[in-house]
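Each of the two complexes below includes chain A, the first together with chain B, the second together with chain C.
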Partner chain A sequence: MTTLSHAPVSTRPIPNPKRSLITRLNMGTGIIVGAIFCWGTYYAMRAGRDMTDSHNVNKVLLASMLMWSFGFLVGIGALIGPFRWLIGKDLTAEEQLYLAGDGQGVKRYFKYCTDHKVVGIQYLVGVMTMLGVGGTMAMMIRTNLATPGSHLVTPNVYNSLVGLHGITMIIAMIIVATGPFGNYIMPIMIGARDMAFPRLNALSWWVLFTAIPVLCSAWFLGGIPTGWTAYAPLSDQAGPGMNAFLATIIIFAVSTAVAGMNITTTVIAMRAKGMKWNRVPIFVVGATISVALAIPAFPTFMLAMIQTGMDRTIATGFYDANVGGSGWLYANLFWIMGHPEVYVILIPGVAALMEIAPVFVRKPLFSYNAAIAGFAGIAGLSVLVWAHHMYMSGWMPSLNGPFMITTEFISVPTGLLFLVLVGTLWRGRPWMKLPMLSVYAFLWNFLIGGITGVYLSDVPADNYLHGSMFVTAHFHYTLMGAAFTGAMAGLVYWFPKMTGRMLNERAGYIAFWLIQIGFNVLFLGMFMAGAQGQPRRVADYAFVYEHSNMISTAGAYSVGIGMITLLWAVVHSWRNGKIAPMNPWGAKTLEWTVPYPVPLENFDVEPIITSDPYGYGKAAN
Partner chain B sequence: MSTDTEFHIHHDSAEKVGRRERLGVRLLIVADGSFVFGMMFSWFYLRNLNENNAWLPKGVHTFTTASGYTAAIGLIIAALAHRAGEMNHGLRRVSSIVVFLALLIGAVYQWHQMAHMPFIAHDDNGRPFYNGAYASNWVLVAGANMFHYLLGAFVALGLVIRGYRTKLDPVLEEWRQRTAGSWFTWIAISGILCAIAASFK
Partner chain C sequence: MVNHTEELLPPTPGQRVSKFLSRKDVRQTFILGAFFTIVFVVLGIWVYPHWMPNVLSKEMQADEDIMIWFTVISAPIAGVILAIAMESFLNMHRGDTPPEDGIAMRTHTPVVIIWSSVSVLFIILALVWGMVSMNTDAVKAATDAPNALVVDVTGSQWAWSFNYPAQNITTHTLNLPVDRPVTFNIISADVNHSFWPVQLGVKVDANRLTTTVIHTTPDKIGVLDVKCAELCGLYHAYMETSGQVESTTDFNNWVSSIQAQGGTQ
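Here is the complex of A and B:
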């Protein structure tokens, strides 16, 4: 990819809006105002209400949680922009530059900063924190399941652990690639100076941030008994902790819609001159398809949560059969979102690996068009397969056949993704650096995850396997084995650009092998237990499953140690790592043409694209 | 032309920024449309399922068929008035005020309708509940309308105020009018869809 000199961007004034409120607001003021809104709402709504009535309790808690989120946004200054628009006094140039964090150092990470690179780092730290919390819960689950009859935690706590581990990890995995890399790297990859809507970009992160303490509050409110799927009517009847789950999803859906709209608009409208659609880096294509898929998918999840919230607070009956509701309605709304969401998670991870593979084999990406057809095919079909999650629920048995066919058909575009990666590797001479190892790990893991998915899509096989550990192992192979592996590769690959330093290679290799070997031991063991019939989401099990569970737990500890090693590698390298050259991998995409630290507006001169990004082995033009 | 919106951090032209904003709003409309589609699905699914014959339990009062349409009138008037302002620039200030008032009055009417729903029953302990899936769906649809009214009123008020300010980039403001038009048109369509659904008792 070639860049040519063009007219220099205009010089900018030094931001110093001393009298502006913007300069006085930060994360601390956000927390204070959020807490005031939260407690104010709590005490105001409690007054005069009968708090022995569960509807009133739910009403007060849900409103308090949502007001925390709103208050935080007020306190950090997120609403200054809209308010100033309303009164016709738009933010001045100085204020916009101040918001972009110009010259503010580390402080900008704790402010409502609109610079996409700051938002990318915020997402990265947020994702790592969520993976740490979710992973700790996973270790507690596996420790409890190490031997039959274990009483490390009570069955109720175990239920909550499973549910909160699930939703924490799902949220973390949805943003694991598009959050850090979609924000930090992607605008630079397409030659843009920032995202299309910088203020909304900051909003998407800080809205998500407010969801984290809300979700954590579930522990102090009795946990959630429903698993991450929060099936009704159980969620209607669950204790106060369920409100935290509902508020989290509602807040998260807002963040996702805003982020999805922003990334999609940026890619459509802000590509550099000469970057035609067939010259867009494949990671950008994958991330865009992923977030574009999320735009229509997540509102139905939000709707399901709002309906559950209404049942719990104002006594509607969407999911209460006594007053005409149905749990099937929830299952439909949830899985209309739920299955596309799997691909929202998967596609960016795969796309990151497709971005990496050509760089490390020094060959063009094999069939760029097939890769796009694969992504588009998966995205298109993903909205037509939701009821395969409901084969055994009794809902419309006559539709099981059609849904089985659409589900199995999705293996065709998925096969294209394999073809592209294998074709890229074919007869190449791979440079076996850490990101490249992840490509091979992905091919192995996703092969297992994909093939076991075909079994589960088959109605007779699902009749036996559904609700078992086999399902748990399958979706971990796709989400962790494939999507997380892709995101980990992306972290190692783009780490030099995001931090200016190389990731500690030895620690990285140790972490990689501990995670990948441990992962396979963990979930192959779980396949065994599932095939034998061990049900999922149960705190204890029969002795017949003892060996497979012991194997799984041993694997889990390997993954856990690997994750801690990776975390150490990241933190240590960020502070003390070897200084990275501008383009350590010799890649051809635009992000490697800018220095570290990346300038506020990314490029001193506007780039003009004259060739595709994977022209390895071709004469430079 | 003033210094207020002359500067944009991307250094892009007002034309580019305007197009981009419209695209962004249209994508948000897709998200909102998905939400409305989900509400339609809920309405017709529960109606056709009629679990325990409790879609509309015996003796439960309902709104009239026209109620859904009257709730949407404010949204429709707002969309039409905005369109009139777009077609005739001389009417723009007046149309902006009409849009804002239509949405404000519509919101008040919607609030009144929600406060006087005929299908709220009370259990043995005297606690209120929505009797039947019809009632549940009605309150959800009314809530969505209310959200559209309030958000629309915020946008309309902004356009009214900005219409009286002279220190704004006219090209960008023109694009924002068009972008707002996309939103007003969508919320009117959404109101009509909700009204159609609500007419199926």
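Here is the complex of A and C:
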């Protein structure tokens, strides 16, 4: 049942802001102004400074990088709104409609566009680019490790590859589901016309965008030797490339905070009439809990990086034991972000699969409440487990017991997520399409990731496993095997709504099996290397680890070929795929009630919700 | 003739259980579950002793036992999940249109309660095991401390050095007498490292200006690998050395030979 509450969008006055500055700004002007700010700062600060002193180099580089980001935002017009507020005005209705990208075709993807669907596509392309770059680095790492002897790269390049692969993938995985689907699909799912703060939405993407060249510049400034954890005092010792890492995190933390606030507010305040909390689609719940968890987590990371930056520029010595600081302070701050962060990555992926499973099994989601309890329990406990990364650091051995308790108890809400999925499968007849296949891949991968996680949470076992390849294999099972599998399922599932076309099925299946089988070979091999005693992040290793590493590398090539196939499938289907019907999967959530292309404000008529979207099935016999 | 009385009476719990167990899908799930459980048990018992290096101390034995037994204990849980997944996978529907709807089962409270309780029990078991093991290590370390061999370990970019204060020698290989407790005092000369004598099953970071301490008792003779388990810059991968757990006589001979060279190796 629905009611008409607004006039259709098309009857609004057509804007004519031809002469306004707003129409002339785009990504190109952003890059030009950003470059001017960056180089201006660089040359202005260099003048008169002794550039042989590394503190001065760090000052100049950090300031230039942050000014690039600010300059880009000025150049793309992000600050026009705040500037108007300063002089007591605001954007006119016409300008706002222009910013929403009304009638601008492809150009709007390169502008400061406030339409959540445009932002969603921007995030999707951004995520795919980052995964491509991070994946290429992974292939180089595995190629170097294929045989003992480190034949491909020097140790310095290897360490940079490890660190940049890590941070690129972490950033990509944090936004892999909440970026594209959280922005494009989620507002439609809850029956909203846009996000709560459309301009902040555009800001979150373009701020993130400015971090990408900064991160890339690390490569040209000598790389980073620290891994993505950037532990002090190694980071104090590191060369100029480290500044790029710090600036990236500072910029990224701003983007995450903005996006997190925006998504949370949207879900709390802008749900359609009748969408009570127990009728919200589970993906929306998961995405919201995930970004809400990110809101307290990332400022800690930003703070840790600002302090590292201060150590490196003005020699404050927060982390320098020689002047009374402590590297453990850094490790604590880092992991207070670091452990909630893995759940920020995991939860939206699982939630996407929970959204998908009922559609393809044609049964209601099993125990919606258990799913909520699982997400909430994980989110609540995840802020209390960080020091399990520091069992072996010597920081506070007396706290190992308490942290072991909180860590192992996180298995209980995690177990509920399994229950929800297997309960949905129970007695079902699944429609074996690509998104559904991912549910099975997830169950297997996350099971392995979960069980090995219990070993690692146990202090005596961690005595052996800490810092070994076993840890690397474990977190790839959870982040890639579980979260990425969920995101890939989401991509296939929502592809028809985001592009209007169906993903090429044959290529999709080939990619799926190459990735999943290759992934398991790759990381089971890595579990073996870890159990044998190979430390992680090593460029070279002894001959005893030869076979396990060769197995891993073979698996990695399979994953690589699978990813290229997937990329081809996405690009090809986006351009020439079969035209998708409005609701190809027969799902009951709201995004399948709008046509493609989705109109500017999504719904001509505001929907009214009378039940949750899982009303599949007939009464049990 | 239909017996109406029987149909109208609600089934007793026993009848419901036997009806449940007689269903074909349930029986298949049980068989699959048993299969996956056995696979995981066998893998757990076989894989870790096969993969992990020689066990030269009780601490290492405890680490390996935990990995084996946690796998065995979690095998039935893995079995249930994989069995249900496999059963539904085998029951798949293919084609371009969705199958007809399944049963509208929204939740099943007893199952949710049993599932949560079992996972809590599993966690408590794992926790108690871990705590007891930690406590055993700590008590043993405290009892052994007075007559322990002391080795001061220094990590620097990118080498380990070992100072034996009682013997007054400094070396680059880690030789230890069998069956005598050892106390390692670990410190770093520069960035963080992590001291990992692999076959002894202990590990701790080397930090700048703060000493960390670990205890162990090598109880078998064999070769030791010492590695760095914390990324420490350029040559992290090569920051490793070797050593021996050897008989007391061999150890004393080794000490004397170093002392004869002037106390440094």
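In this section, the second predicted complex is superposed on the first by the 606 of 621 C-alpha atoms of A that agree within 3 Å, B and C clash if a C-alpha of one lies under 4 Å from a C-alpha of the other, contacts with A are read in each partner's own complex, and residues count from 1 in each chain.
Definition applied: a contact is a pair of C-beta atoms (placed from the backbone, for glycine too) under 8 Å apart; a residue touches a chain by one contact, two chains touch by 3 or more.
As the structure is a prediction and not an experimental result, all values here were calculated from the model.
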Query = In the superposed arrangement, does A:I405 touch chain B (first), chain C (second), both or neither?
reply = second
Inquiry  = If we overlay the two complexes on their shared chain A, which of chain B and chain C does A:N322 touch? Say first, second, both or neither.
reply    = both
Task = Name the contact category of A:Y368: first (chain B only), second (chain C only), both, or neither.
result = second
Ask   = Between chain B (first) and chain C (second), which, if any, makes contact with A:T92: first, second, both or neither?
value = first
Request  = Please work out whether A:T226 is in contact with chain B alone, chain C alone, both, or neither, and reply first, second, both or neither.
outcome  = second
Query = With the two structures laid over each other on chain A, which partner does A:M261 touch: chain B (first), chain C (second), both, or neither?
reply = first
Residue contacts on chain A - larger count, chain B or chain C = C
Query = Now for A:I295: first (chain B), second (chain C), both, or neither, which partner does it touch?
reply = first
Query = After lining up the shared chain so the two structures overlap, which partner does A:Q307 touch, if you call chain B first and chain C second: first, second, both or neither?
reply = first
Message = Just to be sure I follow: which residues of chain A are touched by chain B in one complex and then by chain C in the other one?
response = 321-322, 328
Query = Can you name the residues of chain B that touch chain A in the complex?
reply = 3-11, 16, 19-21, 23-24, 27-28, 30-35, 37-39, 41-42, 45-46, 49-52, 54-57, 127-137, 139-140, 154, 157-158, 161-162, 164-165, 168
Ask   = Given the complex with chain C, which residues does chain A contribute to the contact?
value = 150, 155-156, 158-159, 162, 225-227, 229, 231, 233-234, 237, 321-322, 327-328, 360-370, 392-394, 400-401, 404-405, 408-409, 411-412, 415-416, 418-419, 422-423, 425-432, 440, 443-444, 447, 451, 454-455, 458-461, 463-468, 528, 531-533, 535-542, 585-586, 614-621
Task = Please name which positions on chain C make contact with chain A in the complex.
result = 25, 47-48, 51-53, 59-60, 62-64, 66-67, 70-71, 74, 77-78, 80-82, 84-85, 88-89, 91-95, 98-108, 111-112, 115-116, 119-120, 122-123, 126-127, 129-131, 133-134, 137, 186, 190-192, 194, 196, 198, 201-205, 207-210, 212, 225, 227-238, 240
Query = Tell me, which parts of chain A touch chain B in their complex?
reply = 9-10, 53, 55, 85-90, 92-93, 96-97, 100, 114, 192-194, 196-198, 200, 257, 260-262, 264-265, 268-270, 295-300, 302-304, 306-307, 310-311, 314-318, 321-326, 328-329, 332-333, 336, 601
